[in-house]
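The chains carry the letters A, B, C and D, assigned in the order they are written, with residues numbered from 1 in each.
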Amino acid sequence: MADVLSVGVNLEAFAQAISAIQALRSSVSRVFDCLKDGMRNKETLEGREKAFIAHFQDNLHSVNRDLNELERLSNLVGKPSENHPLHNSGLLSLDPVQDKTPLYSQLLQAYKWSNKLQYHAGLASGLLNQQSLKRSANQMGVSAKRRPKAQPTTLVLPPQYVDDVISRIDRMFPEMSIHLSRPNGTSAMLLVTLGKVLKVIVVMRSLFIDRTIVKGYNENVYTEDGKLDIWSKSNYQVFQKVTDHATTALLHYQLPQMPDVVVRSFMTWLRSYIKLFQAPCQRCGKFLQDGLPPTWRDFRTLEAFHDTCRQ
Amino acid sequence: MEMFRSNTVWYIICQPPTACGYSTGQLRFRGVSQMPVAEGKSVQQTVELLTRKLEVLGAEKQGTFCVDCETYHTAASTLGSQGQAGKLMYVMHNSEYPLSCFALFENGPCLTADTNFDVLMVKLKGFFQSAKASKIETRGTRYQYCDFLVKVGTVTMGPSARGISVEVEYGPCVVASDCWSLLLEFLQSFLGSHTPGAPAVFGNRHDTVYGPADTMVQYMELFNKIRKQPQVPVAGIR
Amino acid sequence: MEAPPVTMMPVTGGTINMMEYLLQGSVLDHSLESLIHRLRGLCDNMEPETFLDHEIVFLLKGQQASPFVLRARRSMDRTGAPWHLRYLGQPEMGDKNRHALVRNCVDIATSENLTDFLMEMGFRMDHEFVTKGHLFRKGIMKITVYKIFRILVPGNTDSTEALSLSYLVELSVVAPAGQDMVSDDMRNFAEQLKPLVHLEKIDPKRLM
Amino acid sequence: MQREEKQLEASLDALLSQAADLKNSLGSFIYKLENEYDRLTWPSVLDSFALLSGQLNTLNKVLKHEKTPLFRNQVIIPLVLSPDRDEDLMRQTEGRVPVFSHEVVPDHLRTKPDPEVEEQEKQLTTDAARIGADAAQKQIQNLNKMCSNLLEKISKEERESESGGLRSNKQTFNPADTNALVAAVAFGKGLSNWRPSGSSGPGQPGQPGAGTILAGTSGLQQVQMAGTPSQQQPMLSGVQMAQAGQPGKMPSGIKTNIKSASMHPYQRTLD
């Protein structure tokens, strides 16, 4: 008897809760209506504002009231049993029309897959941690302990310091102009224009160079909405090649303790491309090989070589 | 054009400066007089020889091209009172810039305009008259090899083929004088030792950015040279 | 390298025989605001545009009676915009059934060495001025409300002086020849601007 | 007895809920009219009307239902009147009736109009019955006519005062200015105070036409051009320099031209 009674009460509470939810929804939509309509219908601006705010407050109050009501009712409804391993979604298995909506079996499948994925990801991360990527060859010799110590300090350099280093480099090379911008937070992006030869987009993280893209002087480096386009590559094969070499150079010039030196030496190396179309290969003496000029610049001597002519 | 205010949408004039483009390092030379063609070889055969060499090099065919040029005289009526010499004005089109029209004077400025300029020339009939049968054009095939764009065309004036034009464009470089040696080497790779001297644009202006107008100036000079050359349908000048 | 154009045809042409239909009027400075308001209501829903142009008028004289006039115009507030070269034919008043002045017109966008080139062609600078004002559009109709400034020192657009205390109001349509119906639309539009501005077909010859 | 009571209660409940529905839709309709009148469309008004009439119909149906007892037979007697605020009543009437006192009870519990009003109504009905249909029609027409005449007069007056006010208060344009501006864009009239005098010709009255004037003055023009052959070039560079943001320096050749222009006897004075 008591059981039956409690079920009855429960059902009633459910019905009330549903209507409370409806009330809540309508009052919320009234809030949005009010916001959508904005201020109007009054002579003066002040009057409009007042009326709008009052109206808005009323609406919010009613939302609050409805929400409280709903919370009260939800306590009456009682909690659904939580002992099912899939919690509420386990109730899906109660759906009698399995054939039409095989949600439950799909859910189980997905759960299995996600478990497997997590397991494999764990394994992979373990393996990868053993083979951690080093940014350059001579980094190998440095003890593994020092690096983590060095990195945090170089990653939290103040933006002014970065600005300073960049502007000093900018002044160093007259034929190279560097434009610094920070479109997203503190990370700087550089647009380096080298003579009338090429443009380089450099993405920095603090004073570390993360990514570079080399494009032609006459190519567009901006996306349609006016931001620097750091993803699309050059239309010319020459500059695609130079982009590859520049990325190699990023990995080569690495000195975590003195990041400003790294940037400076990278820029010095980059500057040697001013004679991209004018310097013949130091090895074969020719300009062209497979239709490309000497795109490689030696890291130390800055001499020009074809990709295949370098040692 | 619906709107004329400068604050409205225009027809594209040539390429926008930011688009990747064909703005660079073009040169052209007269193939006929310098190619070592055997006596009796026609222009057509020489063109075929050239294109075959390009294909062997690995260049890919990429459509066709056409450049034309119309000559205008200052009409007699305008002479005298202004005391101007009878200058020739050239109005040219290039299929590479299909919405544009180029107007040039010899050793003078080159105006880049949209194709409504042709309509204006009709209105100017009383002042500028097109010379009879002076229309000269070159048509041919475009080839691409790496970043090079090569256009080999047959120059015709009226019904007769008058010569061959070879245009080589190196897109990545925007300063003509920077890449002359590089272009020369490329030319040698398919023309052998019969390469031309550097066109004026490679020498006189250092550091200026090459534009479509520079190409048109070269075409005009080439056409003028061919026009003056006695009409020999077969390669004859050595 | 971008996709190559495939056409084998020589490219010539342009739009032949375009006519400009024109109505003109003026508004005094103090009434400009109300006119702008009305135009914003009447015209296409867009942000009102403003412009600041420098216009130079060139003449070419032959032995014919009348010189050939070309107008070169450049935007002073928009860098990188092309120059605009414009030819206008003799205006025709037409009969009563046509409600607008009609003249032949050729609009050409050009590179910025236009003045040099015109000089080379034998043209001579006749006069120049600066225009500054607002632009509205309604369909193919264009409404410009602008002030004309005299240039005090030749070639120096920094020192200018307003010509009068009024803004010139022009309602124009550029359409292929023979489409006189557009003048009806223009009349209707002009009607809506009364009594603020009276747009009429004004024969410039009358004012010489 | 008990059964009847139950029935009464049930029908009262039904009636109450119907009335509440009706009240709600009326309320929302009024709200709409008051707050959304500027974007209310006629179809949506019609919708509201349809809803209202449907609800009224249901209400009527409930009243006429055979199981509904005759409410007319029920008697309501106010048991207690009190001048104090009654919170319960306040809540039930949604704040409309705060007190249940002698002042409000006659209004709220009334089932008939005031006797005087009843009398007047009866009078009117008999009056209306006495007038023939034709006469009534005529009177209606007369009234309509008068109304429309009046309306026309008012709107005409309004229009006239508005346009008249505009005309008299504020001149919005000046025909002379129009002409000056049109002439300026057409021939550069009034724009060329620095220009060599050649083209100021068109401003002169009594000249046959522009062509001849220009042809006539071209001689003068030409002399100046021949005298300073390099003049065109510096002038141009002046334009270009100005473009680049530097004030263009005027070559001295032009300065002398200005002088000669201003001293020219035919220099047009601005009107």
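As a working rule, a residue touches a chain if its C-beta (ideal position, glycine included) is under 8 Å from a C-beta of that chain, and two chains touch if they have at least 3 such contacts.
The chain list, named the UniProt way, goes like this: A = Mediator of RNA polymerase II transcription subunit 27; B = Mediator of RNA polymerase II transcription subunit 20; C = Mediator of RNA polymerase II transcription subunit 18; D = Mediator of RNA polymerase II transcription subunit 8.
The structure displayed is predicted, hence computed values, not measured ones.
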{"item": "Label of the chain whose CA centroid is most distant from the centroid of subunit B", "value": "D"}
{"item": "Chains most often in contact, by C-beta pairs", "value": "B-C"}
{"item": "Per-chain CA centroid nearest to the all-protein CA mean", "value": "C"}
{"item": "Whole-Å gap separating subunit B and subunit D, where each centre is the average of the chain's CA atoms", "value": "63"}
{"item": "Between subunit C and subunit B, distance of the C-alpha-averaged centres to the nearest whole Å", "value": "34"}
{"item": "Centroid spacing, where centroids are CA-atom means, of subunit A and subunit C in whole angstrom", "value": "49"}
{"item": "Where subunit A touches two or more other chains at once, by residue number", "value": "235"}
{"item": "Residues of subunit C engaged with two or more neighbouring chains", "value": "1-2, 61, 74, 116"}
{"item": "Multi-partner residues of subunit B (at least 2 other chains)", "value": "17, 19-21, 81-82, 147, 171"}
{"item": "Footprint of subunit A on subunit B - complex, ascending", "value": "17-21, 23-24, 58, 145-148, 170-175, 178-179, 181-182, 185-186, 189, 207, 209"}
{"item": "Of subunit A, residues touching subunit B in the complex", "value": "196-198, 216-220, 222, 234-239, 276-278, 280, 286-288, 290-293"}
{"item": "In the complex, subunit C residues that touch subunit D", "value": "24-28, 30-31, 34-35, 56-57, 59, 61, 65-67, 74, 115-116, 119, 124-129, 148, 150-158, 163-166, 168, 195-198, 202, 204, 207-208"}
{"item": "Residue ranges of subunit B in contact with subunit C within the complex", "value": "1-8, 10-11, 13, 17, 19-22, 62-66, 68, 74-75, 77-78, 80-82, 84, 87, 89, 93-96, 98-99, 101, 103, 105, 108-120, 122-124, 126-128, 137, 139, 142, 144, 147, 149, 171, 213"}
{"item": "Of subunit C, residues touching subunit B in the complex", "value": "1-2, 4-16, 18, 49-51, 53, 60-64, 68, 73-75, 77-78, 80-87, 89, 104, 106-111, 113-114, 116-117, 120-122, 135, 140, 142, 144, 174"}
